[in-house]
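Below: one structure, written as structure tokens.
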Amino acid sequence: MARVLMKGNEALGEGAIRAGCRYFFGYPITPQSELPHYLARRMPEVGGVYLQAESEVAAINMVYGAASAGARVMTSSSSPGISLMQEGISYLAGAELPCVVVNVMRGGPGLGNIAPAQSDYFQAVKGGGHGDYRLLCLAPSSVQEILDLMALAFELADKYRNPVMVLGDGILGQMMEPVELSPYSGAAELPPKPWATTGTLGREQRNVINSLYIEPEELERVNLRLKAKYQRMEAEEKRWETYALDGAELVLVAFGTMARVARAVVERLRAEGQSAGLIRPVTLFPFPEAPFREALSRARAFLALEMSLGQMVEDVRLAVEGRCPVYFYGRTGGMVPTVAEVVEFAKEVVKGL
Amino acid sequence: MARVLMKGNEALGEGAIRAGCRYFFGYPITPQSELPHYLARRMPEVGGVYLQAESEVAAINMVYGAASAGARVMTSSSSPGISLMQEGISYLAGAELPCVVVNVMRGGPGLGNIAPAQSDYFQAVKGGGHGDYRLLCLAPSSVQEILDLMALAFELADKYRNPVMVLGDGILGQMMEPVELSPYSGAAELPPKPWATTGTLGREQRNVINSLYIEPEELERVNLRLKAKYQRMEAEEKRWETYALDGAELVLVAFGTMARVARAVVERLRAEGQSAGLIRPVTLFPFPEAPFREALSRARAFLALEMSLGQMVEDVRLAVEGRCPVYFYGRTGGMVPTVAEVVEFAKEVVKGL
Amino acid sequence: MARVLMKGNEALGEGAIRAGCRYFFGYPITPQSELPHYLARRMPEVGGVYLQAESEVAAINMVYGAASAGARVMTSSSSPGISLMQEGISYLAGAELPCVVVNVMRGGPGLGNIAPAQSDYFQAVKGGGHGDYRLLCLAPSSVQEILDLMALAFELADKYRNPVMVLGDGILGQMMEPVELSPYSGAAELPPKPWATTGTLGREQRNVINSLYIEPEELERVNLRLKAKYQRMEAEEKRWETYALDGAELVLVAFGTMARVARAVVERLRAEGQSAGLIRPVTLFPFPEAPFREALSRARAFLALEMSLGQMVEDVRLAVEGRCPVYFYGRTGGMVPTVAEVVEFAKEVVKGL
Amino acid sequence: MARVLMKGNEALGEGAIRAGCRYFFGYPITPQSELPHYLARRMPEVGGVYLQAESEVAAINMVYGAASAGARVMTSSSSPGISLMQEGISYLAGAELPCVVVNVMRGGPGLGNIAPAQSDYFQAVKGGGHGDYRLLCLAPSSVQEILDLMALAFELADKYRNPVMVLGDGILGQMMEPVELSPYSGAAELPPKPWATTGTLGREQRNVINSLYIEPEELERVNLRLKAKYQRMEAEEKRWETYALDGAELVLVAFGTMARVARAVVERLRAEGQSAGLIRPVTLFPFPEAPFREALSRARAFLALEMSLGQMVEDVRLAVEGRCPVYFYGRTGGMVPTVAEVVEFAKEVVKGL
């Protein structure tokens, strides 16, 4: 196990390689370009395929193809590009195909800018595409966690036959941190996928990958099966981290880059004698209500922090169910709240309780 | 004022024409095809343009162009096609361009089927595209209301310089009902749009339509201006209808086609002596909390009804804030809950209170 | 009849408008952009439609649509964009649809540059698309002739139900010359098109526009009908201009911009006592052999001049049939032969006879 | 060396594999689909990549990318699909990139049908794309020759850094014939490509692949270099086969499938005492004039035979230069001339001499 310095965008790529991902299809967009650059170099080294498609629409449909054939496959983009993939993502979910989609979020809406943001939370978590479907959604907040969650992402994608979205932002992508890296032989042991369309050699049955079900009764059966799967995810896959939550009266809630700021805020508040703690959801869907329930016994207020105008705060409100006031502080358009301004806001909240 | 029989899909088209819409760009998809068929014939009659684009991606970007030039313009599609438009919709919102997008929802996810559904609620209301933006979202539940809301849709789009989504489904599109139709001269009086890119004849300043703001400070200013606009919508544009709500202990909540079933359910329940009422949101964003607050004084339970696995129910829970139990009943994949099955479910709910 | 100064690119647009063209679909590319700019302004003035498509592929297929419905329609592009239209052009020819395609040629191959060239002769005349088809191809060499040939182009397109290509280059497009322009009322009298897909109101039969004929026997019948049409073009539509051809021993052959240089060369040579003349094909397909036959009685050599490495020269050789030597002089990549260098080359040719 | 039975379409694929081709990009179209099917299975076996692109436009641009990086790469399509590739092919020629494009021709123009044809000769040989460029064009007429010419195609592509087109038709693709097949180890020794964009590891200079030359002087230099290359092809690469040409008074000319019919015609004619022979061009560009010159000493007429309305016949006329009459017989739209009808036509020709 070696300790090496690594960039977030590289960790997204290296994590995918080590998870056995051998196919990358994408179209360039800032601020995630170092990830495809990394994979353009790295994929051939492990016998994998890196392909720049004609567009994001083309890329996500190539993901559909490779996933159908049983490969571990990913794409990556940033906000506008992810919007272009929404039809494809809904198809992947409908056809129950495992894949990983990385969104290194930037300022929006529209062309926006290339600064870091978290304003695609709704799109990722509530479903940017059509129909009743859910993405498993992971939000790392350090370079080491990127490596770990990329492995988890591919594992969960296969376990549930469902697309997994990894949400990052430009700060996380550019950030350089030391990580533990075991030697990597290049081998990848993939789970068997007896459902994949790999030809009928050695089996009787013809596999079909499809999301078309003409009869409503049949499509409803499929949707109920999907629903059961999402409920299983809710039962088994909620992940979160807490910091100083025990006995906290003010509970901050933040994910990804914002959680790093939030942790510093908690430290500052506690240093000043305030009873503050932090819940950091690692899975955004399924959203972890458990720590909220636990915190509710002592909490006098929740404060959702986001690099957006307020999206995750809805899930916080749904988790809190009106049993405690929920506040929101956020910046938007690529602005990142500073520790100082959040501390000040938090003190105002506490004062008002 | 004449009383004529009209189909829902035709009413979507005729309503647009009478609202002064003179540009339609789209790509065919069932179950909304009668709308473009109608406009393909009707547009030339009023000097308008009907154009079938290469794809939904092309169509929504043509909407962007026509809206930039100040025209009243619309597109229409069904679920998968609307997913393909998510990047464009985010651009329209970011550039503050008025337009109307009709989604005649079908069963999803993926290819799904062509049966009626309401499972694109999240996409329409929470934002299927990237970034902090909101669509005004209208949900008619009769042919007459389609005519009225199409007029309102274009009016609100211009008033707020924001895309407006009209959510329907295949039942509503196929339904034939009598409507009041005044004679139509073909004239259309449009509000002045001094911001439009119509050339600089007669003015000094060069208009720019754009959603790119490189500096985060600048993009944040834009987003805060957009936020103020969305708050103005929340203050001024919430629309809903209630039925038998006064004193109701069981409050049904449903929109669109589902609200027609819900009303029959309320009638049946009341006939059997149950104290039931109905809230029908007409605007899905902004979501009307007022009737919920009003109902909470007597209500012992809310029951959200949807042709999906449960999406609007989240907004109901957010409106109710844990002060009362919220139940859900829905069918998915193109199945429509019948009056009988909802009545039975409602009785179970009441029994359990 | 007014005498006004006009640019070549404007004349292409104005000529189209006056010919009753009311639909333009295109995608921008230098050096023809002033033509779409002109039409973007002019089309709305005459109730026409100007639309910038997603790509050249989209544009040419929109031409297919409008032509099917009986409209006078055109597109315009420059070399690489015209290459992208080859499938569509073959479809238009196969479905016998009238339309006008303008190619303002630039330096190639590939991206090349934006300087004037004539190196798409083969593509235009021999068929850049697949299958046995022919384009009527017109090559103006002055601004006045552009106006005249645009009128002719639409007329011939309708007469033969065939796409007509108008070949120009950047010099011709930028050139400003006085033209005769009659007042224009905006009215356009179009020939009846009983074959167009305009709906079945007022007729029994359902019109079909199609280029698919599964049975080879049937497709051969279609192709033989097309062949008869091309032969009729060859019989009726050959157009050319000669200059000082009578008794010329050295016969220059050139079209478009190159013909202007060639004429100056002839003048210079004759001033120096050389017996030189010029054949300027105005139609490139059908290629006018008649003046060659006529010239052969006295000619001792032909000299094909092109802004390419030699393409039309093949048709010259086919016309001359070995009965006289055929020389070639050309520049390529956007270079235009000067009078001086052609005169020098011509003298060498004469010396060698 | 084993003697095995093989289909033409399979031979196209196997020939490519053995020539070291490891990248195939394409989009499905009848009647060449067995070729991509074959490669979809075969490519992974040799560590190669088979990718179905979004469209033919996407496919040819992927060929551009892989060729830039020095790979042996091919695409394949049928007539309409090849038309869509014309821009890309011109770019490949302009950037001097080696690749192989297979066209299994079908009936045209437009959608046409899926029956065999030779009506894309002009497109292939005269240049379907824009600009002064040439494709090396090979026309096999047996399954064994397919195998041999695929090897040659990749070799010549690399030798000249130029796209090579292999022209076939549906009959050739479906035909099953015995071929000599040596054992294949899977190894592929490729020529060094020091110009390829493979990264700068181990060299100083940065390679650039490009077809943009803003300055006409520079683009002309490039075009003159290309011209010299085409002249070298004309000097070194002309290939043809003759049959019974010695002393033939009637010289048939045909390529590909048509040459098989032509050979049977010659046999029949000679059996009946007619002095007939055959020239079969194997390279269509460069077109082999040598056998024509040789045949002219005895020939009294040439008869070009094509599965088209007459395209190669122009090159025959250019080769014969009026020194002998040139006749044409062809069928079109997917019809194939039979031996009997050609014999009859040939006799008429002879009678008329």
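For reference, chains read A, B, C and D in written order, and residue numbers begin at 1 within each chain.
Basically, a contact is a pair of C-beta atoms (placed from the backbone, for glycine too) under 8 Å apart; a residue touches a chain by one contact, two chains touch by 3 or more.
Keep in mind it's a predicted model, so treat the numbers as computed, not measured.
Note on connectivity: the fewest steps through touching chains from chain B to chain C is 1. Of all chains, the one whose mean C-alpha position sits at the greatest distance from that of chain A is C.
Each chain gets one centre point, the mean of its Cα atoms, and the points for chain A and chain B are 29 Å apart. The geometric centre of chain B is 56 Å away from that of chain D, both derived from CA atoms.
Each of residues 57 in chain B touches at least two other chains.
Chain pairs that touch, as defined above: A-B, A-D, B-C, C-D. If you check the complex, the residues on chain A that touch chain B are 57, 79-84, 86-87, 90-95, 105, 107-115, 117, 119-120, 122-123, 126-133, 210-224, 226-227, 308-309, 311, 314, 317-318, 320-323, 331-335.
Those residues of chain D that touch chain A in the complex are listed here as 41, 47, 49, 51-55, 57-58, 61-62, 65, 199.
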